[in-house]
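Order as written gives the chain letters A, B, C, D and E; numbering starts at 1 within each chain.
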Amino acid sequence: MLKRRRKLKKHSPVGSRPGLLQVPEGALPSRIRLVSFDADSCEEVEAASLEQVGAALAAGERLWVDVRGLADLEILQGVAELFRIHPLALEDVMNVPQRPKQVAYPENHQIVLQMLVPNHIDRFEQLSLFVGEGWVVTYQEQYDDDFDGVRERLRGGGGRLRTAGSGYLAYALLDAVVDAYFPHLHTVQGLLEEVEMAVFDEAHGGILERMHELRGTLLELRRAAWPQREVVQSLLRGESKFFGEEIQPYLRDIADHAIEILDQIESARDSVSNLTHIHLSLVGQRTNDVIRWLTVMASIFIPLTFLVGVYGMNFEHMPELGWRWSYPVLWTAMIALAACLFLFFARRGWLRDD
Amino acid sequence: MLKRRRKLKKHSPVGSRPGLLQVPEGALPSRIRLVSFDADSCEEVEAASLEQVGAALAAGERLWVDVRGLADLEILQGVAELFRIHPLALEDVMNVPQRPKQVAYPENHQIVLQMLVPNHIDRFEQLSLFVGEGWVVTYQEQYDDDFDGVRERLRGGGGRLRTAGSGYLAYALLDAVVDAYFPHLHTVQGLLEEVEMAVFDEAHGGILERMHELRGTLLELRRAAWPQREVVQSLLRGESKFFGEEIQPYLRDIADHAIEILDQIESARDSVSNLTHIHLSLVGQRTNDVIRWLTVMASIFIPLTFLVGVYGMNFEHMPELGWRWSYPVLWTAMIALAACLFLFFARRGWLRDD
Amino acid sequence: MLKRRRKLKKHSPVGSRPGLLQVPEGALPSRIRLVSFDADSCEEVEAASLEQVGAALAAGERLWVDVRGLADLEILQGVAELFRIHPLALEDVMNVPQRPKQVAYPENHQIVLQMLVPNHIDRFEQLSLFVGEGWVVTYQEQYDDDFDGVRERLRGGGGRLRTAGSGYLAYALLDAVVDAYFPHLHTVQGLLEEVEMAVFDEAHGGILERMHELRGTLLELRRAAWPQREVVQSLLRGESKFFGEEIQPYLRDIADHAIEILDQIESARDSVSNLTHIHLSLVGQRTNDVIRWLTVMASIFIPLTFLVGVYGMNFEHMPELGWRWSYPVLWTAMIALAACLFLFFARRGWLRDD
Amino acid sequence: MLKRRRKLKKHSPVGSRPGLLQVPEGALPSRIRLVSFDADSCEEVEAASLEQVGAALAAGERLWVDVRGLADLEILQGVAELFRIHPLALEDVMNVPQRPKQVAYPENHQIVLQMLVPNHIDRFEQLSLFVGEGWVVTYQEQYDDDFDGVRERLRGGGGRLRTAGSGYLAYALLDAVVDAYFPHLHTVQGLLEEVEMAVFDEAHGGILERMHELRGTLLELRRAAWPQREVVQSLLRGESKFFGEEIQPYLRDIADHAIEILDQIESARDSVSNLTHIHLSLVGQRTNDVIRWLTVMASIFIPLTFLVGVYGMNFEHMPELGWRWSYPVLWTAMIALAACLFLFFARRGWLRDD
Amino acid sequence: MLKRRRKLKKHSPVGSRPGLLQVPEGALPSRIRLVSFDADSCEEVEAASLEQVGAALAAGERLWVDVRGLADLEILQGVAELFRIHPLALEDVMNVPQRPKQVAYPENHQIVLQMLVPNHIDRFEQLSLFVGEGWVVTYQEQYDDDFDGVRERLRGGGGRLRTAGSGYLAYALLDAVVDAYFPHLHTVQGLLEEVEMAVFDEAHGGILERMHELRGTLLELRRAAWPQREVVQSLLRGESKFFGEEIQPYLRDIADHAIEILDQIESARDSVSNLTHIHLSLVGQRTNDVIRWLTVMASIFIPLTFLVGVYGMNFEHMPELGWRWSYPVLWTAMIALAACLFLFFARRGWLRDD
């Protein structure tokens, strides 16, 4: 049985007003995790209210507002209004999955990426990241993510994470999203090698299904990784004021990783596609083996069976039947004939196993 | 039986005058639906006359003139003259189907798109949209369309549809055309998964026809969606004065959708193409299964049949025939031989079902 | 038997002087058709002499000099000298077939296109068109062409053909050349659908030849249509003074047609290429059908034949031979065995026709 | 046996000094052919010495120094020094084969092309051409070339070859190199058609080898022709002072030819690639034919053989054996059965030859 | 058994601080080889300490600091600090393998390449090269490299290596890395020809594995060679102050080599891919050969066996059994029938070996 594909996006009804918000099916209740920090301290509120966020913003603190779960419209809109997020951008947040993209608005910068859900081979959740002067807002579909390392560094306070601008925090989050592809690709590579082994060892039932699924997985990864690369490269072209000169080397680093991810995906795709051809050739070769065996068996015994049939006939006038040595002579002749055919086939190479 | 392809375009006779108008075969009678609106009110006339349109235009009202059906030349030309539509542009209106395109004329902007006809898998009708100062004119081939949502919003009066310029109304219509591809692609995706299941379950007759048709459908969709993306992206490059600064974020939104549509089409094409290879491999594998069975059966019984043939011979001097235990001994030998061959084939793995 | 391909171009000897003129093999005698016109009148001379052409040019009339047949060097060169056509351009006229191209010379503009010969599926003749101030010169290989519509319009005098500049006449001729591809593609589309039907109905002998030929035809069309598109688009980029601002919308119209022609060719190529794969799968499927039948027949009768062989043996001590009910019992057993095997194959699905 | 591929380039040892010169394996002794000419005269020296070249250069004559054979380092370096050829450029001369390229040095312009060796299907020799103020230097690997036409024109003195600048002579040589591809492609086209015929007539042994070789040949040609086109197009972009305004139309002519060569190569590649698929389909179809025949033969005779086996049994109690009409009745039944099966197969279309 | 692929890169933990250094698995102990030179002298220290390097740098000597082995963090960081290498660049040094790239930092220029490990078919080690004012620092994974020629030239003192700037030394090293691909490709070409021979001679077991491995090798080479070309071309675009005007011709030379390497890889890939198709066709052809033999054998003997079966029946009333000449007549008939069938098959061409 084939695995179910990625759920198709549920679009707003055709012709509806732009910016119309629809809670996606199966969305989780929204929770705000508020991290406010400066060079000296870092405070985390696990389940913050809109008021707390508003207060922190008004107090001019550096903020990371992490909204997880897309079920509660008021919370999502409340945060969006606090940080002046454009209605179309908020529509992108809800309308999952979006193709990765980045848009510069006058007051903030929107970045949409597809994060790999930890411990799944090809499930994605959408990260919508907004970066403004002094703050970063992230919207995620799931509660799990790959940002524990970043949180740890914020708490620890080493490095530049607490002192550099909001662009640097955004960079750290993007970096975590992109780097999470590598262990994933490692797993995919493992699957690919298993399929490779299976193809060459023997064609067990189901190998074509596995190949087809692997190809589907790679297609999904590529559809997420390709525009992700574009996003990072546009940021690199310095189109946003929040990613200044000093963040460029770091962004270039992400861009290199994004390209390498695509490289690995393309290599894997090429291998799978090649395996399809190899498998076809191997099936053909095995059929050839089987048919050669059949041909050799049939070709040797069919003439012999004919011969014994001849002497099974009941004609009255068959002189050979009465001769003394007919029977042993026939056996000798039959063995000789079989041997000749056997040698003939050996010469043609039909007895060799490919 | 293969489905009939899209009707080929009937071009004007070779060498004929540019701007020569020909009513397309099977065109429906033309009807003008006139919507005049301002911030406060919205009036609809279901079957307006040319005079009514002229009067409304002269009155300086905001207008959406929706001409449906291409059979009546006077009506089409009448509207074109009122709104100073270029003869070549009007030729495009009649000469269906046109490749999607957009052309900026000094006095208005022409956009040609292929709309999906509701409830058909790959039938298109052409939308020719003209936007000028304060008005939008649309020409459609069919009476059905996907604009009910837009009309509802015009009547309702919420949002910016009645207050923003004519470019915003044009955007709303384009958005409806582009978004209508998504439910369509959903259906195509469903067909694809059915074919996928059918391929892996068992090759029922007709599966290749269905694959070929699906591929044809995807080709049609791609031929409509590819230039559609170009059209939206040219609009985005700000080449038209009717799509000003404030409409850019909305156009960018359409552009994202147009790219995603192409993405999905390409993914589906890749899957179908892969399925063709998989199907070939599966057919080969099944042939291999069948031939292995034949070979095993034949290889076991052919030598046995030879042996019983030997003792069916009528030679007078065959000592074995008279021996007491010949018959049971032969049975034993034959069973042993069959067993050996059986084991041999089991070892080679030819008894396993792939 | 495969159809003969397009005659290969006979190039001038390697290392020969540029501008060296060679009459192409099988060229027709040259005839000049002179059309001189102004806003009020239009005069045609079917077989004009060089002197007549020179006189008309000197008289400052608007001219269309249509030279058909490339056999008479003096005529071709005489016309070229009158209109100051560059020797390299004249070499292109003679050196058929040329890849479509356009070159701006200081005094005139050269356009080379491949016209489809009416009533042939993939035969081309070369049109070399030169446009200068007040005149158009065309060189054709054949007497037949698709310009009757243009001539009619010149005679009729309606439209702008007699009043607009020479660029407009050139446009009308280009338009006729490009539009002539559409009925052609219609025919090719018909052939494609025939092949499609043939592939799915049953593989008649010759289907692969027809596919291969169709593919060859499409390749030829593409080789002519691809550079043709480039030619029109370069003209559109306003690189020539003879194709001014007012002709741009008309050229854009041709460009749209040229792109659509390529689109249709590519779609057809994709379909043919897909059909090749489908055909391979179908052949495999049919082989599978045949082999399944063979296997079922052989598997059922081979054991039975063995059994009757057993009781055809002549051993003296075969107790069964003397038993009263041996014969009917054996029949029953054989029928039961056959039925079991039959059921077994039915279960495996080998009796179903794919 | 497969043909040996093009000798791989022997590179200088890794890490060696740039400009290090190594005589290529199997190089021929170097000979200088000196042609000095002006508008009125043309003098040729078949085996000139370095001194003669130096003297002619000092005398300010127009020169074409044609060095053939790369075995004598002193001669090659001597000429290079006289004409101030850069050491890296000289390394390119020796390091055959080089990818075609063109480099503008301050004092001269280097052009490297791969010339087809006359009368070979895919052997190349390298032409390194240097053009400076008033002179052209060419280095060739072999003594044979395609420049006889150019020499003839130099001697004859007609045309502009003796009067125009050194760029015009260089153009004439380039033109000869590029045009020499056409007769070659003609031969390849012939080979392709032979293979085409062979594929469709019947699969003789060796057809796949021939296809593979043809494909290899086309790959070689493409590897030479692709950068050749780039070279000519860079020259066309007017990057060199030696190819001035008045030579542009001539270079454009070469560029057209270079593109057409690539066009023809790509078409041929497409055809070969298609033939591979066709061949596979044809082999499958023939296997199908053979197996159908086997199945029909076996299916008709296997049941009959079973029947006659039944009445060959030796049971004592087989009432039919004694009946008067058993034998003719059985024959009738068998013939009827065979006829039924025959009709059945005819209905299925298995008796038709594809 | 398939060969193990290239070890996958071990990335830093997701979300970790940029610039975090991790010693790669299996790294060798680090050793510094210090070469200080000027126009007159060249001194080498095989195992230099950080102090020696610092002293030499302070003394303003021209330096080549070659760090081999990545196991000792202090040494790597010590060198990096001395030469002000950016932490992200140092992370690239450790994080092997990196995609080849080049980054211009204000104080130095980073170049990352994948060097082929001598005597391995597709193992790479990473070279990280930094060039600054007067010095070159290289980091290598292994002790072996292809730089012996460069070292020799430094010691010898001929050429410009000791006198030109640090860019020239960097060029010499890059040149050695790129040129080392050629002997490698030579080996790969040899493997390809072996596989080619094997495919056409006879399909030995394992040929598909070898093809698949070769394809994998070529993919690896391409993944290293493609960005390598980009690196050299960016340098050529003069983006770095350390690669000035006078080094451009040398860089252009490397760029030509890099393109040729890619050209050869692509040609080889095309050949392998073609061989896959050829192999499939050959397997099909061989199956066809075998089945034809089976069909001929079976078709000739099956009717004969039926005939002898007929006369083996035990009916009492079979008049032929008693006739005098039945037996020889039957033999004659059978021989005639066999001969007819034989001729029939010969006519169809089924007796010919393809």
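By definition in this document, contacts are C-beta pairs under 8 Å (C-beta built on N, C-alpha and C of every residue); 3 or more make two chains touch, one makes a residue touch a chain.
Values in this document were obtained by computation on a predicted structure and should not be read as measured data.
A.B. asks: Can you name the chains that touch chain A as well as chain E?
C.D. replies: In this structure, no chain contacts chain E and also chain A.
A.B. asks: In steps of 5 degrees, what rotation angle do you get fitting chain A onto chain D on the CA atoms?
C.D. replies: So the copies are related by a turn of 145 degrees.
A.B. asks: Starting from the mean Cα coordinates of chain A and chain B, work out the distance between those two points in Å.
C.D. replies: 26
A.B. asks: Between chain B and chain D, what is the gap in Å from one C-alpha centre to the other?
C.D. replies: 41
A.B. asks: Would you mind listing the residues of chain C that make contact with two or more other chains?
C.D. replies: As it turns out, chain C has residues touching two or more other chains at 277, 280, 284, 287, 291, 294, 298, 302, 305, 309, 312-314, 318.
A.B. asks: How would one label the connectivity among the chains shown: line, ring, star, complete, or other?
C.D. replies: Graph shape here is a ring: one loop, exactly two partners per chain.
A.B. asks: Residue numbers of chain D touching chain E in their complex, please.
C.D. replies: Chain D reaches chain E through residues 2, 5, 8-9, 11-18, 86, 88, 91, 98-99, 101, 103, 105, 202-205, 208-209, 211-212, 215-216, 219, 223, 276-277, 279-280, 283-284, 286-287, 290-291, 293-294, 297-298, 301-302, 304-305, 308-309, 311-314, 318, 320-327, 330.
A.B. asks: Give every residue of chain A touching chain E within the complex, in rising order.
C.D. replies: Residues in contact with chain E: 146-150, 152-153, 158-159, 161, 172, 175-176, 179-180, 182-183, 185-186, 189, 193, 196-197, 200, 249-250, 252-253, 256, 259-260, 263, 267, 270-271, 274-275, 277-278, 280-282, 284-285, 287-288, 291-292, 294-295, 298-299, 302-303, 305-306, 309-310, 312-318, 349-350, 353-354.
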